[in-house]
Structures are given as C-alpha cells and as structure tokens.
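Data block below; observations after.
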Amino acid sequence: MSVVVLQGSARAGGNTEELVELVLQDIPHTHVILRDHEIQPIVDQRHAEGGFQTVEDDYDALIQQVLEHDILIFATPVYWYGISGTLKTFVDRWSQSLRSQEYDFKSLISGKKAYVVVVGGDDPRIKALPLLQQLKYTFDFVGLSFEGYVIGKASKPGDIASDERALHDAKGLNAQLKAVLAVKS
Amino acid sequence: MSVVVLQGSARAGGNTEELVELVLQDIPHTHVILRDHEIQPIVDQRHAEGGFQTVEDDYDALIQQVLEHDILIFATPVYWYGISGTLKTFVDRWSQSLRSQEYDFKSLISGKKAYVVVVGGDDPRIKALPLLQQLKYTFDFVGLSFEGYVIGKASKPGDIASDERALHDAKGLNAQLKAVLAVKS
Amino acid sequence: MSVVVLQGSARAGGNTEELVELVLQDIPHTHVILRDHEIQPIVDQRHAEGGFQTVEDDYDALIQQVLEHDILIFATPVYWYGISGTLKTFVDRWSQSLRSQEYDFKSLISGKKAYVVVVGGDDPRIKALPLLQQLKYTFDFVGLSFEGYVIGKASKPGDIASDERALHDAKGLNAQLKAVLAVKS
Amino acid sequence: MSVVVLQGSARAGGNTEELVELVLQDIPHTHVILRDHEIQPIVDQRHAEGGFQTVEDDYDALIQQVLEHDILIFATPVYWYGISGTLKTFVDRWSQSLRSQEYDFKSLISGKKAYVVVVGGDDPRIKALPLLQQLKYTFDFVGLSFEGYVIGKASKPGDIASDERALHDAKGLNAQLKAVLAVKS
C-alpha cells in the first residue's frame, strides 16, 4: 500500500499543504504538486474522428505516477466553492485517459481508496459540501472508494494552526490511514 | 441591458453551445469562448508581499469585456460533475480581480444578473445540483443575482436535440430573458 | 400505467396542489392527501425482539394503495428546506414496510417512476436542491427511478399563478408524463 | 450558557443517543426527547383568517423549554437521508411560532448556537450532506449560528462504538463545546 497526494494548491507552504502534512505525519507518500507541472485543459475529442490527439504536456507522466499508488489524497484549497482550477483541469483530462489505448484507466484506478483534504476561508464546513458531493460522483464514476475527508478553515498563511477542529480531525484521519496501511501492507 | 455568454465548453458546436443558442434565440449577445483564449491558472498571491503580479495573458481583457454587460450567462458542460476546468480557471482569477487597484471588481459585478446553462451526460438534473450550489455561493460572494438555469442531458454532438425537456426549458428561459430585457431596457 | 399523487401539503387548495393540477392536467390519477389520514411516526423496532409491531393507523392502507400505481408524484411544499413533516413521517414508515412479512415492499416499489413537485417561498430553485438530493437517495434505495421534477415559487395562496417559470415547467412535465403514459399503456 | 438536546431518535438507547452522550460528556444539559411527547403536524394557517389556532399538544411547552437555553444540539438519526419525521414535525411548527403573539420567536432564537449530531447507516458522511445543508438554511432563516456537526455511521444498536472516526470527532466536539462554555459562562 502506498500513498500519493494530488496537490491542487496554488501557493507553496499554504494552509492546504500544512493540513496535508498533519494528515500524513509519519506516513511515507509521494507528493504530486500540480502547479509545478504543465497540464493543458482538455480538448474534448471524445467524438472527434480519430479520437483524442496526444497532448505534449506533463499529464500522462503524472497520471501514470498516480496510478502506481493505492491511496489517493486529493488536496485542494476551496477556490470559489470548488476544487482549484489546477486540480479541475487535471481531473478533466481523465476523460482522455478513459479512452486511452495504452492503458485501461478505469480498471487501474478502480478499487483504490480516495481521501480529500480541503481548506477554505468562507464557512468551509458547510460551503465545501457541494465540492465533496462533486468529488463523490467523480469517484463513483471511476470506482474510487471515498474513504474520508478533512475540512479546514483558513485564509492567511498559517491560519490553519488555529483551527483546533481541523487539527483534531487531521489527527483522526492520520490514525485512520495508519490503520489502513498497517492492516493491508 | 446587454448579454454576455461565458462559454466554458471544450469543443466547437457542442451541445452546450447549441442549448445556449436556443436560450438566446433572437437576443443579441456577446459570446466569450474561453477555450479560444489563453488564461493562466491563478498563482495565489493574496498574501504575498507586493500582492498579485501582472499576468501576461487574455484574462484582463476578457473580464473587462464581461463587466460591460448586465446579464451574464455561465455556459458549461458538466465535466466530472463540476464546471469545466477552463471556466473554473477563469473564475479562480476573480480572486486576483478582487484585489486589483485598477478597477473595483466587486462593485462592478455586483447587482448583475446571472444565468446558468449546463449540459451533462450522466443524470445531470440530479448530479449537476452540486455544481449549481457551488455557483450560487460564488454568485452570492460577488453580489451576482442567480436568476435561473437550464440543465440539458446530452453526450454525443447533437444529442441535445432529443432532450425534449431541455428544449422546453430553454424556451422558457428565452421568454424569461426577453421579458427582463424588454422591461429594463 | 396509472398515476398516484402523494400529497404532503398542509392546507387545502394551496400552491402545491395547484401546481400538481397543472402537471396532471388531463391525466387521470389518484390523489392521496396525507394530511387527511392518521399516520404515526415510526417506532424504530428494526432491531427489537419480535420486530415491528402492527400500528393501528392509516399507513398500511395508504401504502397498499400507492403500490397499485406505476407513477408516483411526490408533491410537497418546501417546509424548512425539506419535505413536509407529514410526508416525511409517511416515508419514514417505509422502514417498517421493508421488513413486512405480508408483502415484498422493495420488489413492489422498485422499477416504478417517481416525479417530484415542490413549492417553496424562499428561493426554492436553489434552496430546495438538498431536498431533491435527499429524495434521490431515497428513490435509489428502493429502486424508484427519479424521472423529473418541477420547482415552484410561492408563499401566499394563489402566488403560484404568477410564477411564469413554474407554469411553463409544469406544462413541460405534463407533456413528458403524457408521452410516458401513451407509450407504455 | 446552557445546553439543550433536541433528540429526534425513534428508539431509546440507540446510536444517536449514545453519540450525543459522548459529545456532551461532563457537560450539563437538558435532554428533550421528542418521541416522548405529542407533537401534531402543522396545519398551515399562515394565510387563514384569524391565523394559527391553538393546538392542544406538547409543542408550546417544549419550544419554551428549548428557548431557555443558549446552545441547541439537534440530534437525529438519518432517516431516509433527512432528519427524522419526529424532529421534522417539530421544526415545521416553528412556522407557527414565527407568528405567535405571545413571544417573539425569531428574536429569542436568533444568536443562539446550533450543533448537529447525526447517525446513519448508509454512507452518512456523504449521504447526510443534504440533511446538513437543509439544516443550514433552516438555521440561517431564524438566525441560529451553525457551529459544528458530527456524523456517525451505525445501524444496529451499539454499532457506533466501532466507528472510530465518529468517536474521535465526538471527542473533538466535546472539547469545542467545553471551550465555548468556559469562555462564555
């Protein structure tokens, strides 16, 4: 069992990264920082002659790397009540992966475990719920199992340290993850 | 009163564009096709020294154009149960606009009317509801008034023509828009 | 194919009833007005010795009547952003039906078509969306197919007549229902 | 500062009650067990001549008791993806309270703090989210401040004891409540 973080944050050292660190304390993991890579928006060629054309960017390498792991942590600030554009652009490209001839995306991703870590400034424990519902539908579509989430409240860098509830929840998720990793490894 | 479409679709002539055409039949409007422009993901510099740096892309010109209109139509395919990455990336940049020294974004956008046209393939009348809730929170944040929406069901190009319910709803929204435009112009 | 309305409204001649009438114009149907019947809140005996005890009220007769139909219209005012307590109390009793020895509730209700008609006073096209999501989960659990909904905005008796959008939508649903009834009967 | 639980559970000693006990460990509180009282469904007389008629049941005494407290814990099993019919019927009667001549319901309830404890059997951390959104709208309407929630997963009596996550979360909410009570008392 191995863990990968899909980091959708738009700044280094922000609250989302900080909360993820707590969630993954003492847990080895790969950290895929999406903003450090070039990912093109999808061009919808599902119904185009010849299907999807190869895109020259970092997406293929990244998704291959993600698929090598068993537990996926989707980490994102709540931007405008959704996942960040960076993470959304990445997920949109799954439509291309679903039609790839080179690998069977759905059977590869299906059965893996997904967790979500989100941090928002505006009442995220309520206003990020549609975001969670959207991810739930997404996970269901590809057969990911939605195992848990933590919601943090923070705006300015460092704010997360004073969200007692989020710190407590992160610890809970950390314990849950360790239990999963121990049982199955 | 003038109308602008924020088109988040990832292909030309797709179902979302077709449904928008029905919604706007005989209504003059500006069509901003986001995929034809370069829009960088936001780099979150809200809390960086010096604030946001100028970004060399098409965003500023586009948002200026949008703000010249009174009625905003957010048109997007339902991608992975959310708005398209293209539209999300555009909306994320509002965080930069909110801190612009050059114009008062919030007071300019506040009070305008927003409508949403979405088309999805997987039970969109239910599974696009989190998307609508997310946009509702977004509109509330900047003072846009959420006046109505139409949900279409379609996957392959042309499918929308057989979604009787969406065609009927588009007609209804078309009438509603005409009433608004006549009353206020 | 036959149609039954599960009417959750708490007053006669209210907006919900009026909107249902438009939805069912020229369509024969049975109208089950829940407020006219005695329905006890569920006593949860799922795990009690001996299971559920027989309850002396109108529930059993009503659910039997409902199950004789193929199309179920759930009609309810939006009370406190949910279905009315009257309708909720009725649905809660399904837990008892699920364990009945006298009939196989799940196989009887499964496969039927469900439609929802709701009328609320406070921004129902947005604020009734959680209500629809809740019903969607409910329908999924018992195998009802969620075929469509109409949302009306009204408070005072008669208000619904000035919600042009709801009237238009009701007409659309009426046509949809007629198509379904004609095709399958 | 004093605490009252609005208990919507339909059986004694169930998982919801057990989880509430953990949330309120060492915190004095009043426990209003709704199922032990007679509460009639609302008869909507908002627009009737003469307004609402007095109803001979326990509602008035209960709401008076609730309003004497500062912190309201809404505790309910997730029944059919919503609050229990018993709790819903109670909340529906608020519409009557809002028009009462005898007390100013809105100004009395406004400003109090609300917490929610829910326990469901079917993926409640996702499928109870519409329930939370519905309560959020409800709280907003009357000016209650939605301060936090705990979601537990359990079906059979005693199940909750093996939901590590819920036990951990309950402890977190317990600490949060103690902090609130200490600070303000």
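Going in written order, the chains are labelled A, B, C and D, and every chain counts its residues from 1.
The rule is short, and it goes like this: a residue touches a chain if its C-beta (ideal position, glycine included) is under 8 Å from a C-beta of that chain, and two chains touch if they have at least 3 such contacts.
If you're wondering where the values come from, they're calculated on a predicted model, not measured in any experiment.
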{"item": "Chains touching both chain B and chain D, listed by label", "value": "A, C"}
{"item": "Same or different contact residues where chain C meets its copy chain B, judged by the half mark", "value": "same"}
{"item": "A-B against A-D, pair bridged by the larger set of C-beta contacts", "value": "A-B"}
{"item": "Separation of chain A from chain B, taking each centre as the mean of its C-alpha atoms, in whole Å", "value": "25"}
{"item": "Geometric centre distance via CA averages, chain D-chain A, whole Å", "value": "34"}
{"item": "Junction residues of chain C - those touching two or more other chains", "value": "129, 133"}
{"item": "Touch-based graph of the chains, sorted into line, ring, star, complete or other", "value": "ring"}
{"item": "Pairwise chain contacts under the document criterion", "value": "A-B, A-D, B-C, C-D"}
{"item": "Residue ranges of chain D touching chain A (in the complex, touch as defined)", "value": "125-126, 129, 132-133, 136, 146, 148-149, 164-165, 168-169, 171-172, 175-176, 179"}
{"item": "Touching residues on chain D, where the partner in the complex is chain C", "value": "9-11, 14, 35, 41-48, 77, 79-86, 88-92, 94-95, 122, 127, 129-131, 133-135, 137-138, 141, 155-157"}
